[in-house]
Structures are given as C-alpha cells and as structure tokens.
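Chain nomenclature is as follows: A, B, C, D, E and F, assigned in order of appearance, with residue numbering initiated at 1 for each chain independently.
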Amino acid sequence: MAGFQVDEIVTSLQQVRREWREGQQRAQEGGERELPSRDVMADVVESLTGALFPMRLGPTDLRQESEDFYVAHTLDAALHHLFAQATLELRHERRRTAAELAELSADAQQRVRAFAEALPGIRRLLDTDVMAAFHGDPAARSVDEVLLCYPGVLAMIHHRMAHQLYKLGLTLLARIVAERAHAQTGIDIHPGAQIGAGFFIDHGTGVVIGETAVIGERVRLYQAVTLGAKRFPIDSDGHPKKGLPRHPVLEDEVVIYAGATILGRVTIGKGATIGGNVWVTQDVPAGCSVTQALSRELARDMAAPAK
Amino acid sequence: MAGFQVDEIVTSLQQVRREWREGQQRAQEGGERELPSRDVMADVVESLTGALFPMRLGPTDLRQESEDFYVAHTLDAALHHLFAQATLELRHERRRTAAELAELSADAQQRVRAFAEALPGIRRLLDTDVMAAFHGDPAARSVDEVLLCYPGVLAMIHHRMAHQLYKLGLTLLARIVAERAHAQTGIDIHPGAQIGAGFFIDHGTGVVIGETAVIGERVRLYQAVTLGAKRFPIDSDGHPKKGLPRHPVLEDEVVIYAGATILGRVTIGKGATIGGNVWVTQDVPAGCSVTQALSRELARDMAAPAK
Amino acid sequence: MAGFQVDEIVTSLQQVRREWREGQQRAQEGGERELPSRDVMADVVESLTGALFPMRLGPTDLRQESEDFYVAHTLDAALHHLFAQATLELRHERRRTAAELAELSADAQQRVRAFAEALPGIRRLLDTDVMAAFHGDPAARSVDEVLLCYPGVLAMIHHRMAHQLYKLGLTLLARIVAERAHAQTGIDIHPGAQIGAGFFIDHGTGVVIGETAVIGERVRLYQAVTLGAKRFPIDSDGHPKKGLPRHPVLEDEVVIYAGATILGRVTIGKGATIGGNVWVTQDVPAGCSVTQALSRELARDMAAPAK
Amino acid sequence: MAGFQVDEIVTSLQQVRREWREGQQRAQEGGERELPSRDVMADVVESLTGALFPMRLGPTDLRQESEDFYVAHTLDAALHHLFAQATLELRHERRRTAAELAELSADAQQRVRAFAEALPGIRRLLDTDVMAAFHGDPAARSVDEVLLCYPGVLAMIHHRMAHQLYKLGLTLLARIVAERAHAQTGIDIHPGAQIGAGFFIDHGTGVVIGETAVIGERVRLYQAVTLGAKRFPIDSDGHPKKGLPRHPVLEDEVVIYAGATILGRVTIGKGATIGGNVWVTQDVPAGCSVTQALSRELARDMAAPAK
Amino acid sequence: MAGFQVDEIVTSLQQVRREWREGQQRAQEGGERELPSRDVMADVVESLTGALFPMRLGPTDLRQESEDFYVAHTLDAALHHLFAQATLELRHERRRTAAELAELSADAQQRVRAFAEALPGIRRLLDTDVMAAFHGDPAARSVDEVLLCYPGVLAMIHHRMAHQLYKLGLTLLARIVAERAHAQTGIDIHPGAQIGAGFFIDHGTGVVIGETAVIGERVRLYQAVTLGAKRFPIDSDGHPKKGLPRHPVLEDEVVIYAGATILGRVTIGKGATIGGNVWVTQDVPAGCSVTQALSRELARDMAAPAK
Amino acid sequence: MAGFQVDEIVTSLQQVRREWREGQQRAQEGGERELPSRDVMADVVESLTGALFPMRLGPTDLRQESEDFYVAHTLDAALHHLFAQATLELRHERRRTAAELAELSADAQQRVRAFAEALPGIRRLLDTDVMAAFHGDPAARSVDEVLLCYPGVLAMIHHRMAHQLYKLGLTLLARIVAERAHAQTGIDIHPGAQIGAGFFIDHGTGVVIGETAVIGERVRLYQAVTLGAKRFPIDSDGHPKKGLPRHPVLEDEVVIYAGATILGRVTIGKGATIGGNVWVTQDVPAGCSVTQALSRELARDMAAPAK
C-alpha cells in the first residue's frame, strides 16, 4: 500500500497558514503557543466549583471535617493556574514577547487576587439562584437535586465566575468559561451580562443573553428566550461598533416565558410578564403582561423601517 | 510573589456555607458526602446501554460468541453500583445516618431488582423507536446509523431507563440520568413523562417534555417542540403545587412540527398534526391539522385573561 | 444478599436481540463488530483539527519550528485510522465478510486519499469563516478568540470535513462527525448541505440545516434558524422518498435572524434579509427584507392546503 | 472463524475453583470481594508520601504557602481510605460477614488513628535516613538528589510506614506496602523488622531483611546483603513455627558490605564491619572486622551439622 | 530562542537507521509495524490473571454470583487479543507480508486454542504453588496474603503462562511475558524452563533459571539462586549453539538456599539440599546436603581447566 | 465517627519540616517547587526512546512512511521538555530565584543542544549493544526480540542517555534517568560510568557499576556483578571524598560471570575472564582467567589489613 502522499498535503497546508499569517500581519511571530488553554480553564472551573460547593460538587471522598483544607488547597492551586492563564491572555492581547512577561505579571496577579476576593460573594449569589430554582419549579424535590441536576444552575455557576473575569478585563478567559457552559447546557450567556440575585432559567436550551443585558433580582426565564440586539451601529469601516449598550434591561421580578424574543436597549419594567414566543422591541411598563396579540402592536414600528 | 491570601477567602467561604446550612436547618450534619454521584450514574448508564445493545454500543472488541457473558457480567456490576446509588438516594431523602443504612438496603434492593426486570421490555421499546426513526427520516440510510448517530434515539435510551427509575421512586437518580441526555442532545424530557412505543424526535435540540405529559404510540416530534405547563396552581405558601397533571396528552400517531408549543393539560387527538411554530392551549380533535392561522383562533382565549 | 437474578434477565435480553435480528433478516451474522466507532472518529477529528490549526488548536507544547513535523505525523496517523473506519463502513454497507475485506481496501484508500487532498482547501474556507465571525459579531475581540470560543466555528470545522466525507460516499462516517458537532454546539448541519465561504452562525443553539440545502458565500445565520423540508414525497411503500432536493437555497450575502424557519426548495435571493421568528415557504427576491408582517402574507397559501 | 470454545474452559476453571475452595473449607462463602486492594494501598502510600514530603515528593504545582492545606486534605483522605482497607483486613482475618462490619469499625479506626499519630515521628526518622545516605555515598551531590533518586530511601519510606502497620496488627496491609517497595527497588524488608535512625542501604538490589531482625542506629548496608533465618523450628504438623526470633541483631554503626549473608539470631556488635560476600552464622564482637578468610572459621560449625 | 536544529539530527538518525537496516538485510521493508506489542501483552496477562483468580486478582467490584460471566467474557476478549499478537509473531518470524496474513491465521488460532485449553491445568498448578509458599514461609499468615503479596507467586503466574506459549512455538510472546515478571519481581525465569507442581521461590530477587532447566515437584528456592549454563558449545561461525540442554535438572523436593549457583547439565537428586552461596557444577546425589566446605571439593575440577 | 484529628498531625509535621529546613539552612525559601520532576523525565526518556527506535519502540500506529515526521516532532517536544528540566536543575544547584532564571537559560539550552547532537551516536552504539546481546546469548532468537525484551538493552538505552547528561553537567537529571532503569531492570549503572561499544549484560538483576568505572569494547557481564569501590578516602570532615577514580577499569573483550565482585581502581586486562562469584581486588593481566581458587590468592592482601 502506497500510503497517502502526506508530504504534498503538508506543503499545501503550510502555504495556507503562511497566507493566513500574512493576512493577519503576523509574519514574524514564532516560538511557543501564546494562547490560553481551554483544557486548563476547564480544570480551573472544575476546581473552583468544588471549592464553592465542597460537599456537594467536590470530590466524593471529601469529608466535612476536612472541608476547609480541601477548599484552601484547591483554591490555591486553581488561582495559580488561573494566574498563568491570565498572564497568557494579557501577553497575547498586548503582543508582548516572553521576555517582557515579567512586567505583565504584577498586573495579572492583581486581577486574580480581585477575582479570588469575589468568590464568597459569588457563592452567596449562587445560593439565591438555587433557592429561586427550588421555589420556581413544581418538579423540584430538594435544593440538592437543584444543585446537582439543573442546567440553569450549572450555567449560573459558570456565568458568575465568567462575569467577574470579564469585569477584570480578562475577556478571553471569561469567554472560554462561558462557552463551556454553553456547550454543556445550550444556555449562551455572554460574560458581560449583569445578572442580579435569585435568577432562574428553567430547561434553558436555546437561551441567549447578550453582552450588555442588565437583569434585576428574582427574574425567571424559560427555554429559548433571547435577550438580543436589534441592530448594530456601523463604524466608518463598515464593521459593527463594539461596546455600545444594545441589549435589554430587565427590572426585578420579571418573568419571560419560553421562546420570547426581546431585542434592543428596551426596559421591561418591574414585575412584568412576557408570554411565550412573544416578540418585543419596545419598553414594557412595570407590572404589565404581554402576550402574542399585544406584542403584534408593539412590533409594528419595528417591521416598518425594515422594509 | 506574595500569593493570594487564600486564608481569608477560605474563612469567608466557610461563613457563607454556615449561613446556607443554618438556612436549610442542617446545622448539625457532618461526616461523609451523602448524595448520589453524577459520575457513577454516568458509568451505570454507559454499562446498561452496552448491555442493551452489546454488538453496536458495547465495547469494540466484543464478539458475538461472548455476547451473553458480557451482558451478564456488565449487568451484574452495573446493578450493584445502581443499588449503592439507590441506597444513597433513599438515605438522603429520609435523612438517615450511616448507621441506619442497613434498614434501607432491602428497600433499595427491591427497587433495583424491579428495574432490572424491566430492562428487556425497555430494549423492546427502544427497537420500536429505532424503526420509527429509520422510517420517519428520509436522510436515514440504515437502522445501525440511526442507533449510532441519532440524538433522539440517545435521548430515548436515557429516558426509558430514567422513567423506570422515576416510577420506582428513585426520582433523583432518574433526574441525573435525564440531565445527562439533556446535556448531550439538547432534548429535555422529564423522567416522569409517559411515552409509548415507536417514538421519534428528529434533530431534537430545544425539545422540552414536562413531567406529567402522556404520549401515545408512533408519535413524531421535531426540534424545539415544547410540551409544557400553562400555569401552576399556587399553594398557601405562594409556591407552585407539586405533582398535579399539568402537561399535554398526545394520542397515537400525532405529529408535531418544529417549534410548536403545546401548553397545559390539553389532549391532541389521534393522528392530529400540529404545524411548525404553532401555539396550542386547547384540545385538538383527532385527525385535525393545526397551522399558524388556525392556532391564532385557538390561542385567543389564552391571550384574553392575560391582559 | 441474594443478588439480582441476572440469569433470567440475560435470557430475556437474548430473546429480544434474536427477535430484532430476525426482523432485520440478519439471523446468520456473527463474529466481530463491523460498525465504525464513534470514539475512533472523535480521535480522528481531534487530530485533523490539530493538523489544520496546529499552533492554536494543536497540542499546547507545540512550537512553531516543528509545526510541519507535527502536521505530517498527525495527518499520517489520522488518515490511516480514517482508512480503517472507511473500510468498516464500506464492508458494513455491502455486507461483506472479513475475508472479502481486501477487495474493499483499494476503494477505501482512494476515498481517503481524495479526502486528504481536500484538506488545504478546507483550511482556506475555514479561515474565511473565522474572518466572517470576527467582522460579524460586535462582541468578538480577536480572530483567535473566535477560533477558540465560537461554537459556530467549531460546527463548521466539523461540517467542512463531514461534507467532504459525504461527497466521497462515506455517509455514515460523515454523520458521526456531524453529530459530534451537534452534541457540542446544538448546531445540527446535515453533512450533505453545501455551504460557501465566509459562513457565520452566531450563538447557534437550535440551528438545523437539512441535507439538500445550498448556501452561497458570506451568509450569516443566528440561533434557532431552521432550513428544513416542507413535506416529503412518499414512495409506494408509504415511506418518504430519499435523496430529492427538498431544502432551501440561500444565495450570497443572505442574513437570517434568530428563530426564522425556511421550509422547502425555495430560493432566498442574493442579499435578502429574513427577520427573527419569520416563517418562509416561498421564494424571496434578491435584496428583499422579510419581517413577521410580510411573512404572514407569504405564509398564506401554505396555511391554506393544510386545513 | 469458529472462536475459542470458551464455555468448556469456563466450566473447567469453575471446577478448579470449587476444588480450591473446598480444600480451603470456604465452600459456603459468597458475595463481595473481601480482600484489601493493592491498588488502593498504592494510592494511600503515594498520598502519605506526598504528605510527608510535600514540596519534594508532592504534586508539582504545590506552593509552599499552601503546604499545610495540602498536607491536611491529603492526610484526611488517605487515612479514610486506609481505614476502609483496615476494616477489610480485620473482617477477612476474622471471617466476619458484612453485617458484622460495624463492630470491627471502632477497632480499625483506633489503629488508623495510632498510625496517623506516628507519622511525624516517621518523617523525623526518614530525615535521618536521608542524611545518612548523603554522608555515606561519595557520589551523592545533594540531599534533594538523595530523596528523589535513591532506592534505599524509597524503600525506607515504605518500610517505616509498613512497620507501623505491622505493629498495629495490620500485617496484610503492611505486607502489601512492603512488596510495593520490593517491586520498585529490589529491596525486600519484612515489615516486622525493627530499624533505627540513620539507616542507609546503597544500591540495594537483592537486599533481604527478615521479620524478626533488629537493627540499631546509623547502620549501613550494601546491595545483596541478607539478614536471614538459619533454620526454622518445626511444629508438630511438620510446618515451620511462626513468630519466633530467628533473624540477626545489628547494633549501632554496623557496616555490612555487598553480598554478605548473616543468618540466625546472632548479634553483630556495635561498630563491627562485615566484608563483602562474607557468610556469618555466629555472633561478631563489637568493633570487629570480618572478611572472607575470617568468616571461613566462623562458618565451620554451621557446615558441620548440615552433613 | 533559536530552537534545537532538529532537522540535522533527524537526518543523522535516518542515516543510522538505514545503516542498521542494510546490515540486517531489511532494506526493502516498509509499511506498518509488524512486531507484537508489550503493552497489549501486558493487558492480556492482566486479563488472564483475573480470569484465573477472579475473586482475588480480578476487578474489585466483581461478585461471586457473576464470576463465570466475568471469566467467560474476559477470557474471550483476552484470547482474541492474544490471537492477534500470535499472528503478528508468526508473520514477523516468517517475514510474510500483510497480504499473506490469512494463511497464518489458522495456525495462530490453533495455537491459541491449545493455550486456552491449558488454562485450567495452569490454575491447578498455581494452587499448588500457593500452598507451597504458605507452608514454606513461617512469615506467611494466609493463603490469600500469599497470592496477593508474594513475588514468587506472581513470577509463577507469569511463567506457567509463558511456558505454555513457549511450548506452542510462540517464543517471542513467551519472552515478553517472562520479562514482565522479571521487571516486577527481579526473578528471571526463561519461558523454556520446565517446573513441576508446588514450586516456591522465597524473596526471589536475583533468581535466574535457564531455558533448558528441569525442576521436579515441591522444590524450594531462595533469592539469588542461579540455575545456569556452564559454557556454551560454539558453532562453526563462532557463535554459541542454540537449543542444547545446558542447565541443571532438579529432582523432587530439592531445596536451594540463597545465592547458590548451579551450572551446567547436572542433576540434583531427590530431596537434596544446597546451602547458601554454594557453587555446584557436578551432580549431587539424592538426599545429600551440600555446604560451602563440601562444595569446594565439588568445585575443584571446574577450577582446574580454567587455569 | 469522630475522624482522625488531622489538625494536630498537620501541626507536628509542619514542625518537623521546619526543623529540617533550619538544619539545611533553607529557612528563608518559599514559593514554587524548584526540583526537576521524575515524571517529566520519564516522559522525556520514553519519547527519546521512540525517536531512537521509531518502528520498534515508538507508537504502534506509526508507519515507516512517516518515520521522520514522527522522529522530528517527538524530538522537538522532548528536547524542549528536557530544556525546562535542565533549567530547573541549574537553578536548584545554584540557588537562583525565579527572577534570575533567564540568565541560566542560555546555559541550559547549550547543554541540551549538545545532548541532541549526541543522539545519532548513541543510536549507533546501541545498535552494537543489540548485536552483542544477539550473538552472546544462545537463547536469543532475533535482534528484534533482543530490543523488545532484554533488560540489559533497556538499561543501556537509559545509560547511554544518562551518561551524556552527566558529561554535560546535568547530574541530577542523569541520576533520575539511571534510577528509572534500575527500578525496571535491577541493573544499577551510575551515569558517570564510561562504557564502550558492544556491551552486553545478561539477566542483569543485581549488577552494580560505579561512577568512575571505565569499560572497553565488546565486554560481557552477567547478573549480580559488582564493579565497586574498595574504600573511600575520607576528607577532613570525616566524609568520603567525592569524585576520585575508585572503580575498576575493564579493557576490551573482558567477560565477567555472575556474582563476581571487582573492587577498587584495578585493571582487568584485554580478553580476561572472571569466573562466577569471584572476588577481585587486584589487577588481572590480559587474557587471564580467574576462578574462585585463584581469586583466593588475589584476595589475600585485602583480607590482611582488615583484621
């Protein structure tokens, strides 16, 4: 058997990589891989999850007597791995060489330290999320079942960590964490989204929450809800402008049923309810219920300019 | 480098855990972890899947001559692991200590034995599901492709086991099994749902089937179909009442196209067809086809009281 | 403890398998497993992904100096594993015995060789997909973030390989690859779908693209978009006819917003925009924007015959 | 291919096992495996070694700041695994059923607790062993090299733990630990042997130290040294009597060169030196040097009765 | 950093390999690796060990009720792996190409079948070895301790299988099995050696038993005993002649103490005892005890011609 | 159950570690582990072994067509891991902090580069070792069996690499490599020993070759041979002086039979033969055969001063 003429394919692939690098103006780069690693970040998230909920999501042979030891050792190791990844991200972002690495180190360390200090607050918020799921779902039998089984809770464990990384400027690490939750749960929350206490997503598959969304306390969402952008302002190069507020604001105690779509920087007032499959592109007053019939009215002026 | 002051964070996390346990009135608990394990249940499901379909989903070095040996050994080991998990669930549910474990053992064993006896029936049902997929999808080329590749079939392998656990009162184990399928396929079937033979879900992402749903024989569903609850009766504490029939009944040979939403304890009559993206909250007579135009009529009185 | 009477269950399971095999007219088969393996194909895809993007998705200890060595060795090994799987598929499809294996070998080798030669072109197309994602999403910060984190890009890496396998007649391998992407991203692209350069799927959960869909260049899709079949012609046995063109054609630069459903062999003209949640079953002219109001008109005659 | 007629072989093997069990009068036993596990004990030893020397033999990502956390958590987990193994040994030894397990538990726990309390003393002794190796070998370059590389030190880490288990009556666990060292180093020290501080074995392959040997402080041994029994008193059944003192006593600062053999309950006096390949079966006075010529005299009366 | 100029070293290594192949007259070979694998054989031995002693050396979660299932499935899989390795050995030995593989298959299968049929007899012999160790060592506390911990028993489990492979002409596989035992125990038994029932090696490190040695029943050996060849007849090319009887014969109930060396085709008569470190190159009559003094006489004529 | 009072033991262990560090005058150290890793070095050796003998000791799925690619990629990765370990050793030896690491880097790189350049020569020497084993052992059936199975060859693969590291001043890495061979084969060759081409050790268990030994070409050794030091000159602190020539010199074609002991800086002349168990402490002229009787004469003056 004559094999597969790998040589020619290797040469062709080399040529394609060269074109890509030239197109990206990276012709001169070399040496080691400089990107953070998804696998390392997956381990970091696993470890931090164990440190946050040691007796329920930590190792099965853990005993309550040595909870603090486990938490301390796990935390210390996870934070140092996170520190290395943070340094890689800063270096990649600023195109520094390995030699200049030291100068990024203090910066990375300060960010990871701030992240660490936020962890007790994150645990406290997650406890409110667990309670919200338990009270919000008639099928839930115990708070432990909720923590072990609910994809919405798994997504929030990831999001509350990812959001902290995002606020500290480690946006690539944040995104890696968020996409890990997305792959496991079908829930796609951008790490930039701000979400208050007692948040509950039921079922969750197909939920999308955009970067600049702001969500109050005790909000409840069902599967396939979109909190998206209506349209993007375009910059002078014809590309979408980055960073502008363009996703909805949900005030406290809002409920949004499955498949509803809310687009643009609109505000859904306190305690409002959005029915299933409803399409909303305007503000909704506090306490109001929107159903499909009503939403057709609200949707009218969005349809118009699109022609 | 000065490290990350892990001590203070550990103390804060300890304080948050204490608050949680006090809030949950578990201040006095201690000792070992008492929850079932998702990892062990994943292994149990893997083993049982291999025992159900040895030559196609079992180990690649299995030969037909030793099929029964493999099935017997795998089954015996898997059932004993399941027995241990069942004991953990019963103990957790009834808040027994390790010392009282023995008295739960006979109970757990009896349930696992009943589960084991149901396995041949489960295999028989799954064979009808595989045939339904093969006949229902013009893209399907062989029954083996269907068993190997179709997420709907993977979801049903999990569900038919999870439903059996649910009927035997092992609801936490059932839920763990169901969420494993949800994470892999995006299909979220509550283990309580009753589903007849020859069931086929095509594509599947975003399908949600609620706890008290009842589905007849030869029913077909497409992606993003919801069989949900309309609204929950509230008990005197303001929490949703648990356990009431609140999801749809689908009679034999119903077909529901992608994105349709059926809410509440309504009945879709034998052979009825629900069109894509349709919203249904009323009974649909046997043999009837519902499309968006028609559904708008049906939806009217749901919209009314919501104003 | 008396154990679980595994013997009886084993006998019952044996009986069910025998019935299945008789129903499938495979009573005489025996010997070794003859199906391709999902695990091996997962490894093949992992290796090929590393060979396509060595410094970003390859091993973390890879250095640019030895990129070509890594690519060559990885490629050679992956192609030989693929060759073995291709041989298994051909043998399974044609029901040959192990003894006749040799005669399939040349056929399998020729197909894998053609696959290998297509890889540089696949990498080139994927580079256009990455650029499309970077320019299409205001939240994207760098092309590397896009390659590392975007589920739409992960889905396309799988699809462009799966489509090549499909074109070479290795449809079962192609399907295994496609379902791997589906499980990880919630994006379900049939390997038969033809997709041009610069394709971008944002968020992606719930996207379904059918077997005979044809997509032009620089097309953009959002989550939960369906490019499906309207209804299947039925053959004389009452089963759907296989292989007919039955999914949409999207011309260059079409944009389709979240939740839109396009069914049947319709053509969406160059540069057209389909709004969120819109339902389309007719051709849409080039440059046209379709929103819900407008779609209601277009949908009218589909609704009519369904009554 | 007709396979391998496994059925008949299985039946024959079953028959042999039945004969064995009848011969051992264990015909009625059943249920689960009741022996301790070599794999679990290997993990316990690994963990305890890390807890004893965290920065040098613990995990590579450990940092000095969290040394105590690591030690505490590792110790707690390892001791609980050891406790389970100790319970298995006691149950096996006393032929108790699973139901009577609880009554052995307090006994096992007390032994493991005593073992744990001995660990600091064990570490202290091992530090003296490391120093002895460093000073005793002209090829040793640092104390860290000694701890990392010297098989004699590895053997002593195992022995000092195994001896503690032996003293606590957990002789099977002790033996498992000792054989692990034997397999890795070729040094076979029975866990019963009593060995003082500052003990150094150079090279080590082939060293054998018997159960009732007593070794003082600062003793040095080279490869292939045997401290064995001369002959065993026989009991009334014709089997060797167990437990009698039958191996040598080495007083402080004895040196024994490679290949020397010392047999029986003889005493080698303080500071004596035994030359290479020498055969000794009589007491050697303190400070004396024995070489081959001299040993021939000493050996004379051993040779005589053997005729 | 400029890297390591791997290219030049690769070229040099290629050159050395070419020289080697030319020297071995294998210039034209190519394609896949054709040697058996040590890793696969290690797994085969592990599996067969579990099948021989299921409740003591098999998986820890095995239960006695499903012993036979485990044995049957494990045996079937292990024998098929062994069959593949046997085919590789035959092909390598006879320098056949992959295409001619089929013709070796029947031959390999027949040998593996004969091996399988020998397994019950092997187990029976190993039971006698375990009993011999238990009765022969005053430190042994139970037959289970012996099976779990004694390196001599581990060596015999390997040898009795290796010897069977050797007798069936699979000498390379036999050697791989033997060296696995050697690496773990320091006991080096050539697979050709014939060893009777009830054989016990105590401690074992350094024992060497040559290819043509013949050992009777109930023989006992201690560490560092050599049963070797005295000198090799040289063939006309100046290389040692292969296959001639050149190692000792030990009749029933012989005991050989540590460090004794017995060289050449001599016979040690029934019940004879050879003392520690003794050097023997002549026949020893039945019932006789040889010690160092006596051995000097026996050794005289060996020393003479060496002058 | 009250647990194991881990706190107190942790505190005691901390105290013992503090004493050790004070004794070693390392009180102020902190931060990360600074020692090379045995596990990493094991991987490096595995990789280099595969790169030296790709088709026989490399991965089983390697094909001859891509041999060079595999060699190049493996070599590049292994050398970079070795480089990191070399840097750790230099840093540890010179007690540099992490900040000063850069300055050691060029030094480490230069040493690893020299090591890499020596690899083709090492392969060439190993080929001579393989041939020597094949011709020297009447039981050897093929050169491939020798490479796959002979512990003496495995030991030399390690030694020839370790010796190169030793010559480049990386003595700790060299020692780690040497001890890996010792653990697997029972052959203990100090990395400092100089060994010529065509070296063969048969059986090997218990062989010890000291740091300053010098061995010519085509030398053959059997098991349990010691090439050791007679006595160590003592420095003014009472510790043995390091680095002096103190082990034997073996000229070309020397043969040393099992159990022989040669001590001190003596020379065994070309073609001399040392019999089994012989003890030599004086020069042996070329071509001479030494047996036990003769050795007793030679040993006389060693015995004398020892009295």
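Quick note on the criterion: a contact is a pair of C-beta atoms (placed from the backbone, for glycine too) under 8 Å apart; a residue touches a chain by one contact, two chains touch by 3 or more.
Just so it is clear, the model here is predicted, and its values are computed rather than measured.
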| item | value |
| --- | --- |
| Shortest path length from chain D to chain F (each step joins two touching chains) | 1 |
| Copy pair chain B, chain E: interface residue numbering same or different (half cut) | same |
| Degree value of the rotation bringing chain A onto chain C, based on Cα positions, nearest 5 | 120 |
| Rounded Å distance, chain E centre to chain F centre (Cα mean) | 26 |
| Averaged-CA centre spacing for the pair chain F and chain C, given as whole angstrom | 54 |
| Where chain F touches two or more other chains, by residue | 1, 3, 6, 31, 61-63, 65-66, 69, 72, 76, 80, 186, 205-206, 224, 259, 277 |
| Chain F partner contacts - residues on chain D that touch it in the complex | 51-52, 54-56, 58, 60-65, 67-68, 71-72, 75-76, 79-80, 83, 105, 109, 112-113, 116-117, 119-120, 123-124, 127, 135-139, 141-145, 148-151, 184-186, 203-206, 222-224, 258-259, 273, 275-277, 289, 291-294 |
| Residue ranges of chain D touching chain A (in the complex, touch as defined) | 59, 61-63, 65-66, 69-70, 72-73, 76-77, 80-81 |
| Interfacial residue positions of chain A with respect to chain C in the complex | 1, 3-7, 9-10, 12-17, 19-20, 23-24, 29-33, 35-39, 92-93, 171-172, 175-176, 178-179, 182-183, 186, 188, 190, 192, 205-206, 208, 210-211, 224, 226, 228-229, 232, 239-244, 246, 259, 261, 263, 277, 279, 299-300, 302-303, 306-307 |
| Touching residues on chain A, where the partner in the complex is chain F | 3, 6, 63, 65-66, 69, 99, 102 |
